[in-house]
Amino acid sequence: MKVIEANKLPGLAAALAGAGYRVVAPIRDGGEVRMVVWSPGAAIDTRAIPVNSAKDFLFPKAEIIGRCTLDGNDFRPEDVKPVAPKTVILAARPCDASAMLLLDAVFNWDYKDEFFNARRAATTIVSLVCTTADEQCFCTSVGGAPDATAGADGVLRQADGGRSFILEPLTEKGKAVAAAAGAALAEGQAKADAPVEVPVHFDAKAVTEWLGENFESPLWREVSLACLSCGACAYACPTCHCFDLQDEATRAESVRLRNWDTCGLALFTAHAGGHNPRPDQAARWRQRVMHKFSYLVERLGRLGCTGCGRCARLCPAGMAICETCREIDEARKAAVK
Amino acid sequence: MLKQQFARRFLSICAAGLRTRRADWDRTGLMAETETKKVEATPAVFEPKIVAFVCNWCTYAGADLAGTSRLQYAPNVRIVKLPCTGRIDPLFILKAFEGGADAVLVSGCHPGDCHYTSGNYHARRRWAIFRRLLEFTGIDMRRVFFSWVSAAEGAKFADLINRITADVRAAGPFERTNPARRRLWK
Amino acid sequence: MARVGVFLCHCGENIGRTVDCAAVTAAAAKMPGVVHAVDYKYMCSDPGQQMIKQAIVEKKLTGVVVGACSPRMHEPTFRRAAAEAGLNPFLLEMSNLREHCSWVHEDRAKATEKAVDLVRVMVEKVKHNRKLHSIRVPIEPTAMVVGGGIAGIQAALDIANGGKKVILVEKSPSIGGHMARLSETFPTLDCSQCILTPRMVEVASHPNITLMAYSEVESVEGFVGNFDVTVRKKARYVDWSKCTGCGDCWAKCPVKKIPSEFDAGLGKRTAIYRPFPQAVPNKPVIDQEHCIMLTKGKCGACAKACQRGAINYKDQDELVKIKVGAVVLATGFDLWDHSAYGEYGGGRWADVIDGFQFERLASASGPTDGEIRRPSDGRIPQTVVFIQCCGSRDDKMGKAYCSKICCMYTAKHAMLYKHKVHEGRAVIFYMDIRAGGKGYEEFVRRAIEADGAEYVRGRVSRIYRRADGKLIVKGADTLAGRPMTVEADLVVLADAIVPRTGSERLAQMFGVGYDTDGFYSEAHPKLRPVETSAAGVFLAGACQAPKDIPDAVSQASAAASKVLGLFSKPELEREPIIARVNENTCVHCRACIAACPYGAIEDFEIKDRKGNVVKRVARVNEGLCQGCGTCVAICRSNSIDLDGFTDEQVFSEIVTLE
Amino acid sequence: MTENLYQPILMRVADVRDEAPEVRTFRLQFADDADRARFFEKYRVGMFGLYGVPGAGESVFCVASPPTRQEYIECTFRRTGRVTSALADREVGQPITFRGPYGNSFPIESWRGKNILFVAGGIALPPLRSVIWNLLDRRAEFRDITILYGARTVADLVYKQELADWGARSDVRLVTTVDPGGETPDWKGQIGFVPTVLDQVAPSSAEAVALVCGPPIMIKFSLPVLTKLGFTPDHTYTTLENRMKCGLGHCGRCNVGSTYVCRDGPVFTLDQLRRMQTTDM
Amino acid sequence: MEMIDALRADAAKVLADGRAKVVIGYQARGDHRAPLFVTTADRAASLVYDDACKQNLAVYLRKPEVKLLGKAAVVASPAAMRSLVLLMSESQLTGDDALVLAVGVGEYHGVLELAQVAPLLKEKYAALAPSPELLREIEKLAAKTPEERAAFWAKQFAKCTRCYACRAACPGCYCTRCIVEKNVPQWISTAAAGHGNYAWNVIRAFHLAGRCTGCGACEAACPQGIPLMLLNVLLGQEVEKEFETKAGYDPEAKPVIGSWNPEDEEDFIK
């Protein structure tokens, strides 16, 4: 059993960095904990839920996917290769790790996205068994669990009441990380702490079913009233993957950027001529819920939600998808009765 | 083909000096642009790039007068002519800095002399606020110049450009510390 | 779709000497969108223009950049050429390679590099130029002349004789201005009233002239071709349509001791009065400040005297809105108040007078019937000291300028005095004698040599009044290099000429610039001396700078010809540089409406077919917009753009400078 | 190693034709013959591509030329925004970028021996033009071909030369119409809105399929007429033009319900459309 | 009567007597506060109000989806009331567009017509000022070198994801097409990266210069914790000092940027 004392986590990070990994971990900076690249001196905090998700390192918020050299009226497309440094994401939450499976499916749906795939291949995800959660967490409602390992290459378990961690490799990549850690990980014994309990709030299958029949429902207008039309939820979400392609250019060069985008913004689907197939916030909020709980299930066989709760935690208008799902589930149950 | 490309890149690196640029978002590790890029070797005398936004009726005419008077000044300024300082949107300044200007000059008619009676008063107030914002967000105020140059002040225009050029030359390239600079792919 | 042609002018050697034109042309040829690039010795010459025209046609150019001199020089030339070749003239831009580059830089390499940038900036701009069409505005062929002095009279008559209607607005009850007050005029010594009054009468009787005496401009809206001027007709308390000007009223008026403005305070008038006997219109007004009936509510002597029943004590100011196409400002001048000169008595002594007072003393129609009698005791002064440059050319008094006419009228005064008081002594303290003008120098020489005026070059440092009433003038003769004291009976100060009180307010109403001294600014000191920066507003006379009568008259005629030129077409063409609102994205925050210097942006309600308001937006009145673009920079959502300087154009210019 | 999905190929503008105000057609040639071969291996009528100008971006339009003509492709577009303006600025000989073909296609093989009706309005003829030419190039395999095409004004009609050619052919029935008020003095076609003219022309629905493309309002009023004429929803086709960015099913903005227009479309039968979750149609 | 009871009673009353069709207030969701749209008097009891209510509900008055519900009565703090006055001065709200349930500092002012808001503010809340901590923070930052400030903001702006929650939460950001969404030309890069983030955050703050009413909703909304109020308050202070005006007190106020005074500062213009 590979064990490391809790206060030696930075040592693990240092060892992995020394072995050529870009180490991403939950780092405390002032009042907030974020998943960022570890640098010497940074404080790893496994107790707070990070503001951002691990998605940021596989599907960055802006990325160059095309480049041309410009020469007067002429131009030449250049090869653009993914920036995919060897990375280990330490102590990713299980909800972030399992989100990878959905991203895998999306970015390989017929067309294989080399940018995502290259980073995915270069990234080892060591998830963390959650011993902390908050009222926004609802992984257990969407098929996850605080100790789920889906999408992870290895798992860190808090042990001995928080004094140490057990690192358990699950895949070859995970083993490679364990090996690269070298002396930072000791062979030893420790007793894993119990994962936190996350209550089940709704039945996701039932929600999916209800959605299939309720494209037109007064609920959409009701629940979307508070929505301010921003991207806070989508950009915090570990599975949201919508993007925009935008060109920027100087006289000599142009780049094509893949930028995060979100169905919450009115202009997302607006046509150049002014027509907008999703004309109001009700339609946009419906798209968000439908996409996660119905369309992705139908097309890719996976929920587009891992119950991380970030959207609710960060929503400036206090909206919560979990709440909506629970309402749907309850409405359905009431209808059945 | 690839080999040729490599050779070309290698040569250019040798010629220009090797430097690795990290995108400023790299800190968060969101995206590492680790590719090595060529950086132009800094010339012996740094020639600042100054973008000037001037009004048509006073400063542009003042610059004309400098010309007809054959007053010599530094060739580092590039004038963008607008009808009035009132037309100058703060976005112009940001865009110039984004594009790597070492300094930006905004110049128009003296108070009371605006061809459009009050465009320069509007501009003055706008700049008073905007420059605070630029300053506070890290743009060195030694990079932003405001002046009134009338159609009669050819000499003032020439002096102004010489002074700005000298000042900015002394301050050095803005490239490294310019917070508005586009650093995506350079 | 962009097919840009670049034409580089060597301007002889002017550009070619420091800029490598061939290199710039080669660089231009490679710029994106450029399909044609040539250089030529003189692009503005006929063959040069032909090159442009030919290329426009043959190469199907959609945009042209001419790299040459300043656009202020030849932009109209090249735009005309483009138009002649069938290209919208606003698809042509100029890069200023001469004034902004070759003339100001010596380093050939750097100048060439800059020239390439200047051309590229314009190539990028012109690709985003859109066809624009000069704005045509119908012209109201009526002119307004503000000020009824000699300049205003001349301008009004010239315009009226040219066949156009004129509204002449005069603040005081009669036209004539200062010239009516003069005794004789230099250098010919014509009787001022003899040459002026026929003109005044002509104004009154001219079918094309509407005279609005005792009226003032209240407010101005609109723009060239279509000004809406509101004129305040001041309450006269006399119904001029009934009044015959018989004079019964003022004969009966009990208030008789009011200092006459016309006589510069030396004469008296009644409360109901006409300013002077030859006044036009020759009808009285009641001075409400002094009239007993109007101030105390009893009297009514004039009403009783008037057989026509023309007196109306209930008369009120009346606002009249007049549409005019052009305006001539001829508001004239005042004399500076010399009371600021403590060393000259600060205005305390009756016998230290100004030039106008002397004119009235010398005038046959004046309070002394043309005898020179000093105001304090009516005695004929035996020694008169004239002091020139009183205020003028004196930085301490804030008047750096020369008042131009004082040298001449002082010489005239000395001459007139000597003609009337043969044994009297006329001493003139002067700084320089400025007698540039036809017959002027001869006139001054005559004053000195024939009439014996004593010219002393030097400043008067002080005047004090001795108990016996003598004014002791202490000065210096700088030519002789000695102090000098003159015991004078009368001192005449040649006070500085200053713009008429209230002229600044008028300038603001019309959008005309004025200098620090308050004189109206001409559009160009050399080439557009009678135009102003406000289109359709012209200048005549001393409101622009101190002037003598012939200069004022010439300028008035010049202004009149400008007005007639403007009126010679039924419509006006304006540069179509105007702002436009994108009504789709405008949210009607009204910031632009507040900011527009011309009040050219208005609220507009977009209605559906049933007439319900679906949206409120800002909308630009094309007639009023002058194209400054202030609104564009203020609009947060960038929902306004300025034709000719659109965001896209400016953006392209900036981006290409990277 | 997979390839960069976003790497475009280079095309050169071989010909430019102005069709209508702000509407133009490009004939594009492949800069690289291997690209051409790869393209035509996949290309079927109805598919779309992403046409781009570096610095401006990419824009989606259908390929308006048929796979029966393999020397080039053509596209027709209206200048509306940043990308289409940049494209419109391209001149003969200049390059543009291209990605594609993407999307599904019209099942023309199943139409052999059938009567085909085309109903198009305005700028929506291009998606059908490729089908029309494809069928005409294989004329013998199909029965009656009827084309009803309308635009707001005569000037707005696209492919004027081709309309003349089709009109001159004896094996095509072409009806052109313009909205009332949109005619010119020498206009020889019909005057009236497309649905009305469709009703008058009344093509037979026996053994027939219909292809309808046009502005939403035209489609809305044409569908009842088609139903009246007996065209069944599963034999009536149209194409959707939702906003797209990637063309790959990844970017998440073109979907109508769970249907992704970029990969499941752009060609749909009326039947499919009606089953989609949308309040838009 | 407790403040909250009075608020609930007023909410119920305006709904019951039809003066308003919807009351926009706050509800509690655990520790979170979320907006609540009350359309029937019986639900007014769910309204809460406390220090955790960070959102500025004035933002909803311009939302088309909310407008469809009919005339609203909005729960507003003094800062939110200033937003209402700002919106009035910019012709975004007029006389009877809304009612206000005016929650003051330590007291409740009852139901106000829009026209009553400015007088109340002038009488009771004329001295509303940013917190001393915030002002100290600004001073501290202002005292640093430009490079240090650039580094500070680079770190902050690097976090920005361009979710535009700041914009969405601000009642003053009511443009239907934000400048950042204009792509011809694209002045501000939409990429959540260096130059785009700098330009966006700077221009957002600039567009609120002289208009920010200090409610802090933008900063509270920012999921990345960027201290946006440093910028807003800096400019607010500048405008107050130089142009002697404070946003949101005068419904007739002219826009600060969009008006001028011959005596405006110009010592920076040489």
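Going by the order they are written in, the chains are A, B, C, D and E; count residues from 1 in each one.
Quick note on the criterion: a residue touches a chain if its C-beta (ideal position, glycine included) is under 8 Å from a C-beta of that chain, and two chains touch if they have at least 3 such contacts.
Everything quoted here is computed from the prediction, not taken from an experiment.
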| item | value |
| --- | --- |
| Partner chains that chain D and chain E have in common | A, C |
| Shortest path length from chain A to chain E (each step joins two touching chains) | 1 |
| Centrality ranking, top chain (CA atoms only) | B |
| Chain pair with the higher count of C-beta pairs in contact (C-D, A-D) | A-D |
| Chain whose average C-alpha position is farthest from chain D's own | C |
| Distance from chain D to chain C - Cα centre to Cα centre, in angstrom | 65 |
| Chain C-chain E separation of Cα centroids, rounded to whole Å | 49 |
| Inter-centroid spacing, chain C versus chain A (mean Cα positions, whole Å) | 72 |
| Centre-to-centre distance between chain C and chain B (centres being mean Cα positions), rounded to whole Å | 40 |
| Multi-partner residues of chain D (at least 2 other chains) | 81, 91 |
| Where chain B touches two or more other chains at once, by residue number | 25, 27-28, 31, 90, 95, 99, 112, 118, 122, 126, 182, 184 |
| Numbers and ranges of chain A residues touching at least 2 other chains | 34, 61-62, 70, 73, 244, 246, 248-250, 257 |
| Contact set on chain C toward chain B in their complex | 70, 72, 96, 98-101, 103-107, 110-111, 113-114, 117-118, 121, 511, 513, 533, 577, 595, 597-598, 626-630, 632-634, 642, 644-645, 647, 650-651, 653-655, 657-658 |
| Footprint of chain E on chain B - complex, ascending | 23-25, 27-28, 31, 90-91, 94-95, 98, 111-112, 118, 121-122, 124-141, 145-148, 160, 177-184 |
| Chain A partner contacts - residues on chain E that touch it in the complex | 29-35, 37, 55, 59-60, 63-66, 69, 159, 161-165, 167-169, 177, 181, 186, 189-193, 196, 217, 220-221, 223-225 |
| Complex contacts: residues of chain B adjacent to chain C | 47, 49, 51, 60-61, 63-64, 66-68, 70-73, 75, 78-80, 82-84, 86-90, 92, 95-96, 99-101, 112-119, 122-123, 126, 158 |
| Touch list for chain E against partner chain D, complex | 183-184, 186 |
